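The next block holds one structure in the form of structure tokens; read it before the comments.
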Amino acid sequence: MLLDHLPALLVAVPLTGAALSFVAGHRRAPHVALVTAAAIVALAVALVARVLDAGPFRYAVGGWTAPLGIDLVADGASALFIVLTAIVGMGVTLYATAYFRTDDETAYGHGLFWTLWLFMWTSLNALFLTGDVFNVYVCLELVGISAVTLVTLSGGAEALRAGARYLYASMLGAMTYLLGVALLYASVGQLDMTILADTLTPDVTAATGLALMIAALVLKTALVPAHFWLPAAHGSAPSPVSAALSSLVVKGSYFVILRLMLYVIPVGYLGGTDVALGVLGSVAIVWGSVQALFQTRIKQLVAYSTVAQVGYLFLVFPLARLGADAFALAVTGVLVHAVSHGLAKAGLFLASGSLMSRFGHDRIDDMRGAARSAPVLTLTVALAGITMMGLPPSGGFGAKWLLVSSALAGGAWWWAAVLVAGGLLAAAYMFRLLAVLLADGDAVLGTPASAPRTEWVPLALAAAAVVLVAAVPLITDLASASNILIRAGVTP
Amino acid sequence: MIAWVPVAVPALVGLITLMLGETRGRARNAVNLLGAIGSSAVVVSLVRSAYAGDTFTSRIPMLPGLTFGVSTDLLGLLFSAVATVLWGVTLVYAIGYMDHARDRARFFGFFAWCISAANGVALAEDPISLFIFYEVLSLTTYPLVVHNGTPEALAAGRKYLFYALGGGAALLVGVAWLASIAGPTPFTPGGALGAVAGRNNELRAIFALMVAGFGVKAALMPLHGWLPGAMVAPAPVSSLLHAVAVVKAGVFGIIRLVNELYGPELATSLGVATPLALLAAATILISSVIALRQDDLKRRLAYSTIAQLSYITLGTALCSPLAAAGAVAHLAHHAVMKITMFFTAGSVYETLHVKKVSQMPGVARRMPLTMISFAVAAFALAGIPPLAGFASKWLLAAGAAEDGSVWAVLVYVTSGALAIGYMVPVLTSALRPGKHAPAAGPESDPRMLWPIVAVAVLTVVFGLTAGLPGSPTHWAITAIAPSFGGWTP
Amino acid sequence: MDTIGSLIPTGMGALRFAVDDIAVPFLALFAFLWLVSGAHAWATTPARERGRLFAYYVPSAIGGVGVAVAADAISFYLCFALMALPAWGLITHTRSAESRRAGAVYLTLTVIGEALLLAALVLMATGGDSLLLSEMRAGAAASPHAALIVALLLGSISLKIGALPFSGILPLSYTYTPAGAASALAGASVKVGALAMIRLLPADAVGADWVSAVMLLGLITAFGAAVMGVLTTTPRAVLGYSSASQMGLVLIAGGVSLGDAGATALAHGAIVAFALHHGLAKSALVLGADVAAHAKGRERTVALCALALPALALVGAPFTSGFVAKYALKDAIHLLHGPVPEAVYALLPLTAIGTAALMLRLFVLIRRETVGDPLPARPPVAPWALVLAATAIATWVWPAEWNRHAIESVVSPDSLWTATWPALVAIAGWQAMRLIPAVVRRLDGVVVPGDVLVGLTALLGRFDDHPRSTQVAATPTSARVERLRTVLTATEGRLLAWTTASTILVLLAVVLVTLALS
Amino acid sequence: MTSYLIYVAGGALLYALGTYGLLARRHLIHKVISANLMGSGVFLILIGLGNRAEGGPDPVPQAMVLTGIVVTVALTALGLAIIKRYYSATGLTNLDDEPPAGERP
Amino acid sequence: MSEHRHRTRLLPLTAAMLMLGVIGRAILALPTTGDGLAVPMRAGAEASGIPNVITAVLLDFRGYDTLLEIAVLMLATVAVLSLREDPAALSRRIAGGAGPVLGTLTRALAPIMLLVAGHLVLVGSSGPGGAFQGGAVLGAAGILLMLSGYARPAWASRRAVRWVLAVGLIVFIGVALYPLLSGGTLLQYPPENRKDLILLVEALLTLSIGASLVSLFLASASSTEGGGRR
């Protein structure tokens, strides 16, 4: 039965696509990518249906179950992230067919965007599915190498510098993570997450290893103060790449943290790490927002917005120790947030890219009057902004509501205060941008030939984020079908 | 599902308007007017049902343990009817006013969305649904505030957002907190918090948070700062949104909060109603005095609005049935009065480019019908019988007196005096001879003139029919009665 | 529950009008005066200004007539407002700066008065179960807010009738008003205050202290306004202060009416008497002064002679309407005991000295006055003559209790002397003043119309004409924001530098490990 | 004293050395080499700790190291390619995000 | 690239030392023996019939890691190719003149290197060796041929080059998916043709890896410096 092999196919299909797109050459690569993307979307939807139907399931690669082999784990959370990746990926692919259209064969990495992008997609899917901590390392490096290369795709000095920084950060993260795995394995002698969860006993070496792994993943997720590589990388990459990086790549490493912290590691095993992550998340919300507010270039602003939004993701950890109700609400909330931010940020970055190419520059203050000549893009920015701010009826609101409820249910109002303040700060920087776009100005912009794809794709993504609250019941079901909640024995 | 119609139709109209684009003006006007007429008809039929005791409720499941629902109760329909019917009137006016403006698609689209959100606020069946619509209203108003795109408008927009979103945040915390201790709490006349009645300090804090949230739109001092600035928006926006839909959403929230969430009894016993009343009273007096000193006509009207909104807040906070009914009635009455004035201000500006009171000499001769309408509304606002404002003010003051809150009576009458103080100079200035000669043709675009006359007539009619079945006063009394244990006047 | 129901105004159906005993004299007075004054105004106003004048005059007249027959709170308040507010248009008819200022003061005080009235009405309505004035008044004594109600009513009435310290409102409103309109204001409009006393002031609701205080206030107003009037320089201002002085006497009656029910009946009689007497006489004076001012030679002399009749009436000379009114008042006061009523009773005749002085001053000023603006037509004599006739007859023939005592005692030498000597004293004093011309000259015009209210005028002027526009202040914060931006951006720049950032990260890893092991 | 500790200690030292280099060296290639040092350190630790198994070395760490080496090679290749391209675009051999060490105030 | 003096930086040094301390503490806390997964792995290897346990882990138990590892390698190649400055770098022969010594040496060495590569692949299942080792030797041979100017014809078509680079991965995926047809899971080779399949994959991987290494070399040899003298 093909459905049983969904985890394998979700890795194999994009990987095949990547290899074939490389062979196909830069003219036919987009077609390969589109076909692959369509196939992944279908597979992702099937996976969601399967998980909702039958609950989480494991897939023993090579027929060897853990601890001998590597198990892929498909649960509600991984299905959710995979379907998010599929939707955003489809959008990015469509957008890219217009964005990278050029007659210059050498532009954009000699047309190798498609191959790199499909590699990245592969690695993200693999990352969301893997149940093995060492396999995570390989997946992370796949993500890292493809992401770094994609950042440098434009070949400009700034992009190269950003790529180099990103690469060094990746190296540092990779080595730290591997060191952590080495220590963990030396102590526990297991690599499978489920087995680890069952066998972890208090131990210095294991705790050190896990803490180092978390630190490495925090770096890859760009949580303040480890965000140093993100603004430059996301800001100087081509727009489809920025979109994928901001909305998906940081979620990849975050997903691993989520599984480690809430599934593998028992509460209190790592001492105050969860609270520390929450505090760093709060700092990220404030610092990222304030920096976003002061950016003068549009993609820098959006990139710092990612720094801030990533902060929310880490509030789940302190909330999760506040009791069963708070746990379930927090996990559901953070999943909703990840999805809504993924959609909205992709839309926002793609719209920024379209704005930049229509204006021919990226200076926010010189984008006056965009609302008149580029209404669809302005609307996209506005819709994405609604989600960033967490205003109803967006998914961001659903997430904020759940997280605030979790904080209040756990009696920890200060986290609620952070969440609310974060929404206001997001409003500050989003409306700084919107105000300029809505300002009176007579920017006469040419209509791009590829307008439908460069305008309606971002709009669709951002709009999806705004109406996401309608999909919250679905996300709640997926959260219930996630191993994290099943293991904790709670339902939202 | 019929309950969603007042929300859905304007939303759909807004969407179509935006998609039609800038150039297809005729289609845009047709869609908007048809939408307004259609949803007005639906609202009227809903009102008839509600009077007969049939309310419709519709819910959509949303977050875990959370539904998103609307209910067509009489109280909500009052606000909804005001917003929807006046939307139609304002549309006619706006089509005239915006005749040569730019970005009309954006304007009318967001305008319709605002009405949709306001209707949602009116009909929301629980605090969470209300909060959602409330936030949507904040957002959809922003493009209208900054519509002109001037630095001034942008600054005003920034300020508006600062307040609106700050208030929204307070409201969010309040609503979420309430939900976390009490679960779903659909609005129930007389109060919905019986289950958690003992947790007094938490309930007080939640009340304060929610008042802070609603207080922003209700322009309760010191949360009023955005409103005068927001007057840079085009006149139809000031008229319908900053006199009716948006600001009333705030006071309507307070009405729901006091009467149907906490209930007058709980609000009184918690001791939260009196501070709210005092705040409202202070707002009334201070803003009236400030209004005296405004030369810019729209700013003067804005400060007047701040005072009048607090009439409603004060009436609600007194927790007396008569005052509460008066507050609800004033919601409708103030709407027609203030919209008349803003229409006038806009019309005068658009026709003569006069926006300051001191520039008005001669206007009365140039635009007699317009200024007569203004005078009617101004006197109504000051509470001169038999106009609309008097009826509600009488109820408010009588309720206050019945409650033993003599100070509130004095506040009401004082502010009535101050209202004359800031309204009459407008009239006297307009009556003075000035540079504007009587017009040879029509005094202004008929699409602007007749809506003004229409709302002025409504002002008179509401006053003359006050208390008769179907009048806002009667409606308000019927709607508010269940909150006071089936009280009947 | 039903008791509250009637408090809710149910449309226009709630408005009740009734021609009852109280209404009749006022209705007659108001209707007559507004008609006759209107005729005068019509004749003396240039055709192109008539529309503007009567746009205010007619509503005011309707309100005035309506207030007389209003039987419930809403209609009373409505008609009160309808009468008082448009009067602003009459006062500012000339559009001069002074008139506008006067209008502003008038409007301010009127509006405050209305606010007080409304508050009182609301409180009275709440105590009882009806909006009918008669029942509200009857029920007010039982209201927990009785004292407040009385205070509010007295405040409102004081503003209307120009009791001290608001006496200036009357001269202010007459001085710049065209004669016909001024006649209506002085004769009728002010009397609404008297009507309000009867309709609204509850008997036996407050203690004797209140009665005394109000009576004293009335007495002081009677004297004070007279003094101020003498020191002004225009006939209208004198007439205005004279009105205030006379209304002070009415206020004494109003104070009496606050006492027990027996005194109230008499006091009400006195109030009606004074209303009729003063309304007609003052109207006659205003119209007559206008006629006289525009007359020449013999006509002027005749006019001045005819003008003496209402003047004497005000002084309370025998056989005049004033004689009747004062008798009624004395009867009412006489009923009360205690130091204050007795003192007031004793001092009451002295007020006539003040009035007499005012009248002398009026004649002096009219004679001094030169003809002002040429009128389209000479002021008509007929309306004036009608009012004169009414002044002479009305109080004597009115079928009521309050003039019986006066009619009975009109020929008694005692009463004749009482009515005459104050005038003689005043004349004597007047002559005496001639001996000190320097002082007289210095005092001439010490009081400007409006006295203390002029200060208010200045204040209001700011609000009315050219209010200072409140500009949105330029954002002073922008510099601070800029500095903040610099600091934050620099900090972020330093944080982003590779060595710092990666070191922080390694340290973070160490911290996390430490936390994990703690 | 057990022999595996020698490898492990050497690995840890290499790792620390590499860490310092990656953090503090300004030249881009120095950084890449430092990262490789770190990698070698981890590999040594892995192998060393794997040798604690009784009855022959644990094959899993060895497999991990083999995979790790390939990944590190890939990273190094990419790093060198970027550095080269960066150098030809800017003429710089450092990230240029901070003043040279000697000029710091 | 210019040299510059390096001054010891205190903060990074502290960080590195702290890291050393962290590692040290963790390691010293470990018991001196620890089997990890050694026992089950050896048992599994015996059961599956692969003599070399490391090979069993790499190709069988954790074959998924290896699949992704191959992906990493190809990705790195693609990445480096995307970063090349000279578009023609891949299809252009390094214009190198092989001197007489180098020419002779190359001619002698190349076949031997090919043989060695083949051998390494074949023994990979039982002893040290395998695709990576073979690929490395193959790549070295390729580079040698490039430098000495003998390999021109092989690089005539860019499409062909791409196929060679990708074929290893593509076939690996194909073989990995092949068991799905017969009801197995990903990478669960059917026992009957297990060995052949692995050999096929290894062989093609060797080719691809070798080609990758050559490409990496060529891509770096840009037109402005290095081997691209013109």
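Letters A, B, C, D and E mark the chains in the order given here, with residues in each chain numbered from 1 onward.
The rule is short, and it goes like this: a contact is a pair of C-beta atoms (placed from the backbone, for glycine too) under 8 Å apart; a residue touches a chain by one contact, two chains touch by 3 or more.
Here the structure is a predicted model, which is why all the values come from computation and not from measurement.
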Need the graph distance between chain C and chain E over the touch network, please.
1
So, comparing each chain's Cα centre against the centre of all protein Cα atoms, which one is closest?
B
Starting from the Cα centroid of chain E, hunt down the chain whose centroid lies farthest away.
C
Between chain A and chain C, what distance separates the C-alpha centroids? Give it in angstrom.
77
Whole-angstrom distance, CA centroid of chain B to CA centroid of chain E, is 72
Provide the C-alpha centroid distance between chain B and chain D, rounded to the nearest whole angstrom.
67
Rounded Å distance, chain A centre to chain E centre (Cα mean)
30
Residues touching two or more other chains, restricted to chain D: which are they?
15, 19, 22-24, 45, 49-50, 52, 60-61, 67, 71, 74-75, 78, 82, 85, 95, 97
Any chance you could list the residues of chain E touching two or more other chains?
9, 12, 15-16, 19, 22-23, 27, 30, 34-37, 41, 62, 65, 69, 72, 75-76, 79, 83-84
Could you list which residues of chain A touch at least two other chains?
134, 138, 141, 145, 148-149, 152, 155, 165, 168, 172, 179, 183, 185-186, 191, 204, 208, 212
Chains touching one another, given as label pairs in label order:
A-B, A-C, A-D, A-E, B-C, C-D, C-E, D-E
Chain C-facing residues of chain D, complex
19, 22-24, 95, 97-98
Listed in rising order, the residues of chain B that touch chain A in the complex are 18, 60-64, 66, 68, 102-103, 105-106, 131-133, 135-136, 138-139, 142-143, 146, 148-151, 154, 157-158, 161, 165-166, 168-169, 172-173, 176-177, 179-181
Residues on chain C engaged by chain E in the complex (per definition of touch)
499-500, 502-503, 506-507, 509-510, 513
So in the complex, which bits of chain A are touching chain C?
165, 168-169, 172, 176, 204, 207-208, 210-212, 214-216, 218-219, 225-226, 228-229, 231-232, 269-273, 276, 290-291, 294
In the complex, go through chain B and note every residue touching chain C.
152, 155, 229, 292-296, 299, 321-322, 356-358, 379, 382-386, 390-391, 394-395, 397-398, 400-402, 404, 406, 409-410, 412-414, 416-417, 420-422, 424-425, 428-429, 432-433, 464-468, 471, 473, 477, 487-489
